[in-house]
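Each of the next two complexes has subunit A plus one other chain: subunit B in the first, subunit C in the second.
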Partner chain A sequence: MDLLLSLAKNGVIIGLLYGLFAYGMSLIIATSGVLHFAHGLTLVGSAYSFWFFFQEKELGVFVGVLAALAVGGLIGVLVELVIYRPLRRIHATDMVFLVASLSVLTLGQAAIVFIFGTDPKSVRPNEFLRWSADVGPFNIRTWDLLILGASALAFAALYLLQRRTAVGLSFRAVGDNPQRAETLGIKLQHTYVWVFLAGSLVAVLPAMLLAVQNPVTPSMGFDLLVKAVIALVIGGIGSMPGALLGGILIGLVESLATYKLPTEWAEFTLYALLFIFVIVRPNGLTKGALRTA
Partner chain B sequence: MLSAGTPEARNGGTATAEPVLRVDGLTAGYGKHVVLDGVALVVGEGELVALLGHNGAGKTTALRSIVGQVRPKAGSIHLDGAAVTGMSPAVTAKRGMSMVPQGQGVFPSMTVEENLRLAAAVATRRSSNPRPQDEVRAFVLDMFGILKRRHKDKAGSFSGGQRQMLAIGMALMTQPRLMLLDEPSTGLAPVLVDEVLAAVRKVNQELGTSVLLVEQDTKRVLAVSDRVYVIKLGVPVFDGTPAEMHQQDWSQLF
Partner chain C sequence: MNLAKMPRRLAALALVAGLGLTACGGGGDSGGSGSGNGAGTETYPLGVAMALSGANAALGQDFVKFMEFAVEDANKAHASDGFEIKMVSEDTQATAEVGLNALNKLATVEKVPAVFTAWSAVVKAMAPASEDLGVALFNVGANSPELEGAGANLRNFFPLSSVNVRALGTYMAKEKGAKKAAIIRVNNASGEGAADVYKKAFEAAGGKVVATETIEQDAVDASSQVSKVLAQHPDTIHVQPLLGEAVAIFKALDDQGYTGQVTTYSGAGEAVAVRQASGASMNGVTYAALSGAKADDPKVTALVDRFKAAQGREPAGLSYDVYMYDSVFMYADIIKQLRDKKQDVTGKNILALVDDVKTFKNLPLEGSTTFTDSGTVIKDTIIKRIDDSSANPAADPEVVTLSAK
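== the complex of A and B ==
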């Protein structure tokens, strides 16, 4: 019983990370209409930057975080400016955007392999990160608390951004009806750049938190992308509770599956979950639903 | 009652007041297909001008060309004397044009309050807003009581008429020099048409906003407009006051 509870706790914690990553991507998709698979590259890029500056160069956690934020934000904005903006100008179809986005992800991964090799990098946990304490049936690690804190802060900030600020309201307006947004004086190109920046910065949190707990590998972006897509199918694009629920559900299923199944099967259970949702609830859990981008 | 701003003050005190909108020789279309051919029109300070025409005459295309959603092939567009020909919709909006597109003037996933707040927030960056936002907001909520009562509801849950009122309210929150309305009465019951047109007139008279109004229902429009233009297959065929329009053989115009 304790094992099950402990697995459930780990599932919720990792699920928060998935939800955070998925929501950053969903923010971008909802406003720009682009199925931004290259979001996976944002994650890998910032995870490697964090590892490189914090672990390899030993420049301290502050520099590591700044570097991760800078690289993550830059990747998102550059992909928008260099890839999507020209495609938008020629009225490319959704399929072209999708293929372009996937190409960016695979090419970016290849570049990382070229620079850093395929062997996993790891951030050696320091004293602070090694701390843990038993609370009832749970073993609570620093990492768990970091994720709880970071995701609570990030979701609260994103909620306020989208309700309280002009830029956040314009994200939603452009997502609803870009032409109408323009006639009110909202510059679409600016809005797209801002939303890619915001969504990408959100991905930097899971990138760094994963990096301190798990090996950093070139394929980690793709792995998380698959989970984000499943989370968004389950939770609906553009919906904050949806992304959170989707992420947590994935984390739970993946974690609890190891109770009876060998760990290699965890991934299989996710696809089984996706399959069930596509058949039974193709519109997702929340009314945000998976709509065409 | 609110007082209308003085045109001289906004034009920098020049004696020869330019009209708010001047369109000359406007030719526009889609690809090779020419829809408008040599359309000219003027909207003076504080005027409510109607643009009429049969289905497919090119009314929407005219509005879209004026605000920059369609790039004119020839001709010029001036706002307060400054050329805005071919500028993007976001830029013409910043300069003071606010178009309410036909049937899709609101953001359905946002609440009434958020729709209005967004419109105001985007526009506060314009320097020449003559009134405090709160004043305009109170005017809008006063005029359209439904917007006050259902402040927290999603615009997507509104009926066609309610959406139209919200869309006009949003346009007003930007404090435009010129409001362009594309068939605000589309799909509304006759009583609602009267209500919407009366609201447009009220805005025009009490806020002093200049209006270019596209409509189908000629009789109702003549009752509220200062001047009227009619286009037929993209060519101007009439230009005059509602009284002069009543003298015409309408079968020749439509």
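== the complex of A and C ==
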């Protein structure tokens, strides 16, 4: 029983990490309709920035966090301004957006290899990050608490943003129907810039959380990107609560499947679940509403 | 394609398939006599197929750098013999399919008589193809025991884990008195082969392996694997990772308060990136290092200094790099001996000479190496302990040296 509970806790924590990454991506997809795979570059870029300023230059955690937020936000906004906006002007198809997004991800990773090389970088864990304690059947680590805190912060912030602010309401309006939103006076181009900024800033959280626990490499986050996409499909593409639910669900399935099955079957069970959703419930848990870019 | 108009299930499949795409990255005897350069010096190509991009590029690029140093030094050493080596490298991304492309290009376009490579999955895939292409294939950095006898054209210059992991498994059961062991291994051919060797050795020495769990390469969390093996209360846990996932395993073992002996192999124990990222969670880990060239040998430290001067950092996997360096000198020795015998430097002749000579002396770092009848090499195993993961692996204290005999 202890093992089952322990696996469940691991599943929820890693699922929240998937969900956190998927959450920012979902916000962008829901508002702009772009399948923003370059979100993976936002994650890698901000992780390297955090490592560079916090660990390499030893400028302190505050500067490291600020640099990661700045770089992460900048990548998202630049991709919107330089890549997606011109594509929107020529009424490019969704396939063109998809290919452009994947190209940005690949080129960006190559640029990081050019700048930093391929050897893994690491944020050396201090005593705070190494802390852990047994609470009942659970072993709780600093990392677990950071993921819980970051998730709660991101979900609450985006919830409030979308319901209490003009910018957030414009996200929802544009996501529902961009033409109608435009007739109501909402500036589409401004909204897209804001949504790429907000979604990218959310991705900075899992980037820093990964950086303090794992080596920072140019290919880091690709696994997370795949899991995030699966979370979006299961939760409902373009649905905000769906991203969270999908992330937690795949984290739990991946972890709990190993209770009786060998661990190498975890990924199989995940793809089996994805397959079932694609066949039986292609709209996902929350019936996400994907629109064209 | 308009995803909004596409059926939902098709859109979902296209989404995942599209993402998956980004993750992908003739018979006869190859080679012949070298080409002249107009100054009376014959040039012989050396094919090198390593991971130059992807998750394993940090190791692969270092391997190539050390081989470049070796080519430079071997050419100086053999200048009076009238030949020089020219290295031609191709990327394998450490995957079987890209590795096969690299082998094909080296053999058919570059016309190399021998290809030096690493990573178990790559070597395993190349072994049968090298027979068709007529090239000699040398494994200079993969350790899966499955590579012993994996192909008629394959020779394993790098010691397989059947040597040092077997010694470690026997040592833990016999000398340290461990009764129950668990294994956490990377989910690939190398991990599977090494885990099997450890299990057989540990159980042959009177112990019992009570759990074996796998982890995907570069996984970010190993909590579930560690929870599962700890539920079996093992006296010792053997960790057989590649690179990135090693950190997740050591951290999870530390987080979950495991106090038994954790063991691993040199690829993880001596990897600077793994040690730095794992921090104190790696302190106390015991690992099986390969004997031969030692990290504190002046010749090795001079080479490391040369690498640091060129690259501005420590090498990622020194225990491998020394084999990369020495392997080029073995190739130079083979060329010299074939030329002395007035034979062409072809894949077939290289293999025949290796099988005939077996022992290659005057390797700058290791001294000498001897191939067995099954085309592998046997080395002593040094058991070392990490007292301070932030220190250079050369500073790790030796616990014991286990003879291969």
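Following the convention adopted for this analysis, the second predicted complex is superposed on the first by the 272 of 293 C-alpha atoms of A that agree within 3 Å, B and C clash if a C-alpha of one lies under 4 Å from a C-alpha of the other, contacts with A are read in each partner's own complex, and residues count from 1 in each chain.
Throughout what follows, a residue touches a chain if its C-beta (ideal position, glycine included) is under 8 Å from a C-beta of that chain, and two chains touch if they have at least 3 such contacts.
Quantities reported herein were computed from a predicted structural model and do not represent experimental measurements.
Trainee: Touch test for A:L244: subunit B only (first), subunit C only (second), both, or neither?
Mentor: In the superposition, A:L244 contacts neither subunit B nor subunit C.
Trainee: Output check: A:N10 vs subunit B and subunit C. Expected answer is one of first, second, both, neither. What do you get?
Mentor: Second partner only, subunit C.
Trainee: Touching A:L43, do we find subunit B (first), subunit C (second), both, or neither?
Mentor: In the superposition, A:L43 touches no partner, neither subunit B nor subunit C.
Trainee: Looking at the overlay, what does A:R124 touch: subunit B (first), subunit C (second), both, or neither?
Mentor: The second partner, subunit C, only.
Trainee: Looking at the overlay, what does A:I279 touch: subunit B (first), subunit C (second), both, or neither?
Mentor: The second partner, subunit C, only.
Trainee: Which of the two partners, first being subunit B and second being subunit C, lies in contact with A:L252: first, second, both, or neither?
Mentor: In the superposition, A:L252 touches no partner, neither subunit B nor subunit C.
Trainee: Between subunit B and subunit C, which one contacts more residues of subunit A in the superposed model?
Mentor: When the residues of subunit A touched by each partner are counted, C comes out ahead.
Trainee: Would you tell me which residues of subunit A are touching subunit B in their complex?
Mentor: Within the complex, subunit A touches subunit B at residues 163, 166, 169-170, 172-173, 175-177, 179-188, 238.
Trainee: Mind pulling up the subunit A residues that touch subunit C in the complex?
Mentor: Going through subunit A, the ones touching subunit C are 2-3, 6-7, 10-11, 13-14, 17, 33, 35, 37, 93-95, 98, 102, 105-106, 113, 117-125, 130, 132, 134, 139, 141, 143, 210, 213-215, 217, 219-220, 222-226, 229-230, 232-233, 237, 254-255, 258, 262-264, 266-267, 274, 277-279, 282-283, 290-292.
Trainee: Please name which positions on subunit C make contact with subunit A in the complex.
Mentor: Going through subunit C, the ones touching subunit A are 1-5, 7-9, 11-13, 15-16, 18-23, 53-55, 57-58, 61-62, 187, 212-216, 218-221, 223-225, 227-228, 231, 243-244, 247-248, 251, 254-257, 273-274, 276-277, 279-281, 313, 316, 390.
Trainee: Quick check on the complex: what are the subunit B residues that touch subunit A?
Mentor: My answer: residues 67, 69, 88-90, 93-94, 98-101, 104-110, 114, 117-119, 121-123, 125-126, 170, 174.
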